[in-house]
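First chain A sits with chain B, and in the next complex the same chain sits with chain C.
Showing the complex of A and B:
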């Protein structure tokens, strides 16, 4: 469990910590490729520019020895195993490197019968955090350059992986920025809340990057692409944008694992994870459900109880 | 000047509420003519996006109504809908929509009188609230201000040279 007491609190996470994880990942990846447990491993290779990393599917021992883990390993790799990215799983069992927040997506995808546990070999990463966007990508991870989501992370220590790379370390006393921002929005009068979201959504250019990067947006035909009849206007105008964002938030409610990839890739800096988190909080209050690290039978909006609250129905 | 007449859109299931509304009609009960009824096979089929669409297209209030719990023609459609709508309300509230414009009800085929009450109450409530501008305004807004002669753009054009 995530017992706070067992955590090693520090004020910065040095590159050596990530190097140790890198070593552990390489060792494991090489092993499972050699003994043919898996046909490939989805992990990170060094990016072309310094301080970056790119997702990759490695299938040979030579490539596996180049895998890395660093604060630049921001991507949620589970998206590479979904229906939308056809094919990876067809070859056979695959290994995947997964941080805590990515593990949540894997668990969710198992819940939704998109993945099967026996098809995966999960190399869990005991993750102290990754870089935020627009920060200096120097070696050390500090309060200044850590991603917003990592400030409120509850899954530094992933559970249910086949192996775990790393020991426990996390930054001390981070302020949970998203929680603060959400409280600020909640405290606004209704008309201000509308103005706040309207301004954000109006900037959306409908590039759909947020959808492409989300492991849960694996629908082969998205409601928002349909045009006969058209449910959601697809050009980047305020009306369609508002509808798109409400539909997206609704479709991810009770499913979203909080990896914040949607927010990271948004070129218009729309705080999408605030909506995701709000819906997660709402479903926790309503149906005592939280997207966790273990697959469940059914998500909260796919089941019901006869005595669910209906005080809002007259 | 015309008095404000609210436009109410009602999404109803065919088995209970539609039959209830029909009963109100055949029993010659009076209710406000502001409501436009759209019939669905089940409340479970009423996608939240329909509600958005209604607001975008000019509804000032929306009613969603179906069978009482336990009476669903398809066993559990309304139970599923209940959860979805609870979540959707929370979402709308978070982005700043006044939930008084959105009503959920259970009206059975025998409850012609309840249909009349629900519709009357919602119509009167929306009437006092006035028109709902939010979604409609968005419909008419463009991404940018619509003005292309802003100083910023002018500067940008000039610097293309």
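Showing the complex of A and C:
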């Protein structure tokens, strides 16, 4: 990774850092709207409640001057670019504010021919992290309120953006909670691990928020919506819930960019990103592949190589 | 003289009700979230936390079997569920934004079609509501005509007092009966002062004015602005105390299976998809508009009630920060 030498390790990220990013985003968004590089910019606007923000598609200079970046800017905005979800691209070239983790989704979507680089103007954000769910939203980001995924972030510096907003800062010595939880689950006997997931999935209400915020859930016909014949039980019961989450984990293997949006939006606190990470780990071990760092022609599960590991064929 | 119950006696009441083989449902810690779940003992009750899902599921479960079918000797045998087996239930510890919802839903559930699954559970239930002393900036019950101390929907209403006990008010005969059957747990007394109720960030809304605006703005750029960011999930509807749409699916094989009724949401793209392939609400702005219209216009037109209790769950849970209170404030100020 670049800029390692310039790392500025601190114990808290003060509001001023985010304000500087906000200024840079506004300046850039106003410029590209004014010179008609883009028809709109997908970014964040402040919410009514203290310390909240919402995604927004801004199309005028006045609106662009209200864009913000703060630890409340949790969303992965690339979901708004996929045809199946929003398809704002059909209006013309668009600008998008993207944190490092969101850039991975953009790269993945380019890999899968869902986006063309030339249709995008990417305002990358050098992001020190965002809030976790249900934390104190004080404006200052600390070890206490940072999101779980940000504790192990490897993409603070977005690569491949048109411009980058912010300098490099990150919190020092964060506990890698997700990795620890992964290790704890891995160490469980299989029956216990099964019980762990069964318990979590039993709470699932099938609101499909996980699917709807996922940039890679862009299938126009989701297997789980099929009812003639029904492929996966659509009623929120343990068997169907289990099937849905396992189908989704498998479908995202080698594709998921790790933005953890599915986990963030789950109203029932199901730790879905652990499944994604587990799949990513398999891909890393088997194919030395990490999804979405840069656009590639084909992911490892979409192509055959003679030297692929074939030991699973018995 | 008002009646008083101590926290310990409230928990003892739960123990007794469980012994009486009643289904007792209340806020309970389940993993990392608090949900309304069957309580096995008084110590299970979690006070002072708004459960992640509303209490509507006691009457309108997330998923229930409505009949089963089985092919036997070439003939299909269909069996109805035996509703007489639904247990007598007591819902304990629901704040006004939850306790108030069944009273609103009764209207639609006993309208052109009587939903016997819902109504039978309602007949067999008693609701012990509790005044709310905790909240956050997503709460807006006052704005929609309720209040942290609103008794609407409760059979017995508890108000937390500063000394840790609760003032009890029997609002209905069911509430009186519950107190009468366990009189030794309740004491006479003027009691201490109530604990302070929650302050709310949203001013009281003019629901008549909002309804009028909705009547005149079926087409409005507002709907598109919201739909720009709405991702079309069902989180807002599923955790709402008042949303009550459901779907029915036959699940199983052609020889053996179950017909199930389960939650559905107007945010889903296929919610109104017709068998013909035509979808009258084909884009998200029409779907979100329906959500607001249903809550603040259609339901009022039909039943004279607002289909929202201001619990704020949809605001807290929306993946993209859509804030219904902010939208209502916007309409209110037009």
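The working rule: the second predicted complex is superposed on the first by the 307 of 314 C-alpha atoms of A that agree within 3 Å, B and C clash if a C-alpha of one lies under 4 Å from a C-alpha of the other, contacts with A are read in each partner's own complex, and residues count from 1 in each chain.
Keep in mind that, in the parts below, a residue touches a chain if its C-beta (ideal position, glycine included) is under 8 Å from a C-beta of that chain, and two chains touch if they have at least 3 such contacts.
The shown structure was predicted, so the numbers you read here are calculated from the model rather than taken from an experiment.
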Partners on chain A (chain B, chain C) - clash or fit: clash
Counting only touches as set out at the top, which of chain B and chain C does A:34 meet: first, second, both, neither? neither
Could you say whether A:79 touches chain B, chain C, both of them, or neither, answering first, second, both or neither? second
Examine A:226 and indicate which partner it touches, taking first as chain B and second as chain C; both and neither are also allowed. neither
Scan A:211 for contacts with chain B and chain C and give back first, second, both or neither. second
Looking at A:269, would you say it contacts chain B, chain C, both, or neither? Reply first, second, both or neither. second
Looking at the overlay, what does A:261 touch: chain B (first), chain C (second), both, or neither? second
Contact-wise, after the overlay, does A:236 reach chain B, chain C, both or neither (first, second, both, neither)? both
Kindly classify A:184 by the partners it touches after superposition: chain B alone (first), chain C alone (second), both, or neither? neither
Intersection of the chain A residues that touch chain B with those that touch chain C: 236-237
Can you name the residues of chain C that touch chain A in the complex? 30-33, 35, 52-53, 62-63, 137-138, 201, 228-229, 231-235, 237-239, 247, 249, 251, 260, 262-263, 265, 268, 270, 315, 317, 319-323, 325-326, 329
Any idea which chain B residues touch chain A in the complex? 47-49, 52-53, 56, 69-70, 76, 79-80, 82-98, 103-106, 118, 134-135, 138-139, 141-143
Mind pulling up the chain A residues that touch chain B in the complex? 185-186, 188, 190-198, 202, 223, 231-232, 236-239, 242-243, 246-247, 249-250, 253-254, 275, 278-279, 282-283, 286-287, 300-306, 308-310, 312-314
Taking the complex as given, what residues does chain A use to touch chain C? 47-50, 52-57, 75, 79-80, 85-86, 88, 199-200, 203, 205-209, 211-213, 225, 227, 230, 233-237, 240, 261, 264-265, 267-269
